[in-house]
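Listed next: structures, encoded as structure tokens.
Each of the next two complexes has chain A plus one more chain, namely chain B in the first and chain C in the second.
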Partner chain A sequence: MSFGRFVLKRSLQGLGVVWGVVTVVFALRFVTPGSAINAVAPLDADQETRQAIAAELGLDQPLYVQYGQYVSDLLRGDMGFSYIRGQEVAGLVFARLPATVELALAASVVAIVLSIPLGVLSATRRNEPVDYGATLLSLGGISTPNFWLGIMLILVFAVEFDVFNTSGRGVDVGDVALSLIGAEPFVGTLLAWLAYITLPAIALGTYFMALITRLTRSGMLDELSKGYVQAAQAKGLPQTLVRYKHALRNTLIPVITVLGLQLGTLIGGAVITEAVFSWPGLGTLVIESINTRDWPVLQGSLIVIGTSFVFVNVLVDAVYAYLDPQVVND
Partner chain B sequence: MVSARVIRNLKTEFRNSALAKIGLVLVVGILVTAAFAPFIAPHDPTEQQLDQSELPPLGFSETTERTTSQMVDGEIQTVTETVEVTPDAAHPLGTDSLGRDMLSRIVYGARTSLVVGVLGTLLAGLVGVPVGLFAGYHRGNVDDVLMRIADVSLAFPSLVLAVALIGLWGRAAVNVPDPFVVAGLAPGMPESFVLPITVVLVVGLVNWVWFARVARGEALSLRGQEYVKASRALGADDTAIIWNHVLPNAITPIIVLGTVQVAAIILLESSLSFLGFSGTTLSWGFDIAQGRDYISSGQWWIASLPGLAIMFSVIGINLLGDWLRDSLDPGIEGEGGAA
Partner chain C sequence: MSPDSVDRVNRRTMLAYAGTAAAVGLAGCSGSDGSDGSDGSDGSDGEDGGDGSDGGDGDSFEIGVTMGQMDSGLDPQDHAETNTEIIVGQVYEGLLDRDKEGGIIEGLATDWERTEDGNVRFVLREGVTFHNGDPLTAEDVAFSIRRIVFDDVGIVSPQSNDLGTIDEVVPGDGEVVVDFASYNPIAFQLFATNGPIMQRSWVEENDGNYINQNTNGTGPFVVTEYDSGNQVAYEPNEEYWGEANPVDELTMGASSESSTRVNRLLAEESDIVTNVPPQEVSRVESSDVAGINSVASARIIFLQMRYDVEPFSSQQFRQAMNYAVDVESIVEDVLNGFGSITAQPTLEGHVGHDPEIEPYPYDPDEAERLVEESGHAGVEITLETPIGRYLGDVEIAQAAASQIDSLSNVSCELEQREFSSLVQDVTAPNIEDRPRFNLLGWGNGEFDGSQTLTPLLSSEGALTVLENEELDGLLADAEATQDPDERVDILQEANRLAHDLAPWVFMHQQFSVYGVSSDISWEPRADEFIDPDTATRQ
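== the complex of A and B ==
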């Protein structure tokens, strides 16, 4: 199979999963206690309004017609209407998405930048103090609830030392990019951005930092004991070349797959991190929509979250296949 | 299965690993705390003593501003004064904003965390393992359908799916009588334990897929083994083969996953109760949410201490999981669902 065919095949499978996601989310409106109309209409709507909404949504139609309507609306980008907020769901969800993506990416940067060097150092200096330190740090990292870590960071860096902001999102990363071309003073904008994003990014990124450190360490130990590494060393290749070009590259391939699978954990973690730092993203929207029983917004958010997960995983598989062509033939 | 070799490996690994010993001590400590909470907790964890509120833990004293109404020269005035609050030996870890004893709340919180963690994991395993074994053993259409369901299920983060389901289903809880208190052995303690039943169901349901994946993988590799083929040739039916031959040989990675899952579900439960999606108020996550409002006014211990309890419990269980993995099967990679 060629690389192109592999990517095509995975994309089609991904589309199948997205279809499953849509179906599950469609079914959610029937899981609510009471009739499906309760899931959509505001709690205080009178009987007449309810019937009008039901007719508009086609809730009086057979199930397969409703389902067909729901899917075709989605394909046109129509995620329904939030009667509680008086807004189109799609507009609301996509307005919140960039903040969550920004937070998730910042957390990934924090995680990757720290974890890979730490994992490599830990493996190459096995049973030395640095290895014990890294092991304890990563054990603590995978065992600490991120919302609590966020609160502790606020306690230390915002309450005691007053260095960072703890609530909301100041400027977005786009403003920082614009300031590069001179729209705003660059340093000031960058600092304003960092003041808000640093603590949430650390709170969310720590678990992944710990996880990747563990995976990198065990992967490196595994690779370093393999024949090709010993052969390369025996041949007299420089230690750094063997370690970083050969062993690390082979270590990172499985790490990427695990990260793809853990993307759900990252998004789930973002939900609660956003709640701690009042970050105006999809996570706070999910919680708000449940608390106000705004099911159309919940459904729209779930579809966007599920679809992003599938999209990133297809992307990860494509990168994986590119790095390790054997995968294509399995 | 648990053979002499397995027990020998466990012992050797335990002797050589300081981390395994720490893990065992932590886990036994939490189990004992949860089981005998009425004897360990110095106070009823739900008892409010408003005149004893916001006391700091032993060794710390806190200055705080108190506003009171006083009669000054015949007029009612509000007076704000800075007072020094000193700890009280009756409340070694201090009290919360309603004067409830922090130590007692943390001791009782261990019950909620462990019960939800263990019951949730058992439920996830009871659903996931049979489905995974069956699909992996039979392959074909059943397997395809299962793997697609698993893919869809994985596309929703556990926490997001859990809050959505609890939001839809409500926060039901049942009162389970505490045998020690009913028997009159621990007077003054709560008579029943509040089991957040919806939370147990939901955390089980969102995590079954990890068990299904691992069980399926094992069944796939075991179905081609000689002894399985031999039983089939002898005419044993599939259920009997899965039960007698596949499950016993697949149990090791399932047990290791189960340990990791207890830790993951404890984290998930604390997240849910932090966000207010729980059926009980006696939970570490709930207390952290309460304490969060007080960190800027100086009462740091209300949010900090329950978090330490979560962290040490999860560290203990993770260490135990590492020990089991390293001694039962060095080949298993440490990957599995998390909160």
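== the complex of A and C ==
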């Protein structure tokens, strides 16, 4: 199979998954308790008002008509209208998406910057105190629930020491970029951005930091025990060159795969972190929509999250196939 | 958010520098360099700097409010929940308003009266302009009321029942006459709580998507930035007809996590936070940057029992449930004292409240005796409660169910239900589809007993669990009478009857508990609305 056919096949599979997500998300509305009408109408609304609201929302139509209409609208790029907020769903969802992507990327940076050096250090100094420390840290990182970590970070670094902001997203990465062309002082804007994003990024990224640390460590140990490393060492190559140019490079291939997949998880998995830090991303929107039974927004958010995950997976598959052509044939 | 946030951050520049140093240090090395931790500690030294720059705030009075949830759009007539009401209520006003205690005061109308035929006339305030500079007209007022109550004027408003049954609204010269379908004894109470006024031409020129993201009211604040789901920033309306607004900048945000709200208060990022849970109260009170302000709200919490099913069809059994629950200990232990015991459906201070009615005392022996007399000894019942809808709802229900269960002749279990699911049953069209025994809360923003008794306990009420001819008759009389004093007497009699009929286990009046920065002085309102323009600097 050619690389092109491989990517096409994966993309079509991805589309099938997205369609499945759309259908499941649509069905959720009808299998979960609670009515959208109660989210709109006051408790003491009479039955006439409830029926009028149902008709306005299209909820008085048969199920298959509602589903057909929904899929047809989606294909035309129309994600519907929020009956709670009175706004277009697409506008609401895509206004929140950048915040979630920004947080996911920041968490990935936290994870990568800490984990790879730590994993390498741990592997190259196996059974030394550094290794024990790194192993303990990664074990702690995997075991610690991120909502608890988030609350602790806020209490210590925002409330007690007043170093970072407790919550919110006062400045976004776009503001930082704009400050480069002189709209605001660059350093001040950058620091302001860091004051908001640092704690949620650490809370969200810690688990992945721990995961990748362990992966890097085991991968590195595996590579270091291989013959080509011993040959390189026997040839008299400097230790640094052997470790970081040869062994680390090979270790990073599965690490990059996992990182790519985790980025999708981070986008969908930031719900709790966003709630703890009042981060105005998709996760917060999901929670708000559940609380208010705003089904169109919830459906739109979940579809975007699901599609992002699928997209990242397909992309990772493609990159992996490009780097390792054997995958295509397998 | 940008202008405010940058200012806010500038005040904390020293802290941010230090914090960032720590963050960069954390991100940039393996973590083995302990000196990075020291950088973090240095950050705390920066507090002095932060305080110093706070001094610069002397020129500008900024207030930040953090609620539990943001708005559901900015259309003031297309929502039915408190958070949105608070956010849009800074911008939009009604014909009448309320003071802190719930009394009716002037709004966009300076005078109001009954006409000879029982309708109501509002004389409009002169010289009022919308935020876009256009003057307020009687036509705008008439259009706004029509848009709320008539389905064919733009939207199906969830507030359509809030102004009573209106036949027509007639604009005149500087006045508006509201023609009710029949005599409405609480017309002014309704208009003091409901009916935000919008500009007709602005509404007609824009679609719902725009109206939900932009504002054009007459209120004390003008929206300067609307970041949906994140925050709303305001500045004072310089053309406001009322007293000069002392607040230079207002920011309203939200956090669904109560601990985050409290943290925002304690980190001095917010000046007013709502719904501080009882377990967080001591943390706020022990801090030197904030305190607790509470007020009895207009919300009553009760356990309602359906009259048409056994064992709740027995009045004795229903009374027994009231004797079985120790409301005083629940208020003290679960709510930290933030509640007051009730004895009737109408709250103290509301029209029709009878101060002579005493709450059912906690008397398990009497409860057991009444259960025996009712013929339902040995019965098993289930109390359904929403989760997280009302302050301490699950804990309150657990305590009540446990106390009932401790009776020797009644077994009581608790069933926790997601609110939307429970409310779907509570609002079922037929009474036989509603829960038999459940916890519920009811807010009465009109401060009038009929607004609780009619929907919840009259035979035709949308949420009723009771059918009693005598009570129906009293409520009909209260609706018909044009003598306010006589009406109070009738409602008091209805409350006495309701107390005896015991369709509910009368629990408590919920308090609104706010965390308030020590930098400001602000008193909360009984109707849960937040009015930052009444705050002053400490």
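Keep this in mind: the second predicted complex is superposed on the first by the 283 of 330 C-alpha atoms of A that agree within 3 Å, B and C clash if a C-alpha of one lies under 4 Å from a C-alpha of the other, contacts with A are read in each partner's own complex, and residues count from 1 in each chain.
The working rule: a residue touches a chain if its C-beta (ideal position, glycine included) is under 8 Å from a C-beta of that chain, and two chains touch if they have at least 3 such contacts.
Everything numeric in this text was worked out from a predicted model, so none of it was measured.
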Chain B versus chain C as contact partner of A:Arg10, first or second or both or neither: neither
Touching partner for A:Leu298 - first (chain B), second (chain C), both, neither: first
Chain B versus chain C as contact partner of A:Val286, first or second or both or neither: first
Contacts of A:Asp46 with chain B and chain C, given as first, second, both or neither: second
Partner chain in contact with A:Val21 - chain B first, chain C second, else both or neither: first
Partner chain(s) touched by A:Val310 [first = chain B, second = chain C, both, neither]: first
Partner, of chain C and chain B, that touches more residues belonging to chain A: C
First, second, both or neither for A:Gly170, with chain B first and chain C second: second
First (chain B), second (chain C), both or neither touched by A:Arg243: neither
Which of chain B and chain C A:Asp162 touches, first, second, both or neither: second
Chain B and chain C footprints on chain A, overlapping residues: 33, 151, 154-155, 159, 275-276, 287, 291, 293
Residue ranges of chain A touching chain B (in the complex, touch as defined): 13, 16-17, 20-21, 24, 28, 31-33, 135, 139-140, 142-145, 147-149, 151-152, 154-155, 159, 207, 211, 214-215, 218, 258, 261-262, 264-269, 271-272, 275-276, 286-287, 290-291, 293, 298, 302, 305-307, 309-310
Footprint of chain A on chain B - complex, ascending: 19, 148-149, 151-152, 154-160, 163-165, 167-170, 263, 267, 270-271, 274-275, 277, 285, 288, 291-292, 295-296, 300, 303-304, 306-307, 310-311, 314-315, 318-319, 333-335, 338-339
Residue numbers on chain C that touch chain A, as the complex places them: 1-2, 4-6, 8-10, 12-13, 15-20, 22-24, 26-32, 40-41, 43-44, 46-47, 50, 69-73, 75, 78-80, 151, 156, 158-162, 208-209, 211-213, 227-231, 253-257, 259-260, 263-264, 266-269, 418-421, 423-424, 426-427, 429, 442, 455, 461-463
Chain A residues within the chain C interface of the complex: 33-35, 38-47, 49-50, 52-53, 56, 82, 84-88, 91-92, 95-96, 109-110, 113-114, 117-118, 121, 130, 133, 137, 151, 154-155, 157-171, 175, 184, 188-192, 194-195, 198, 202, 275-278, 280, 284-285, 287-288, 291-294
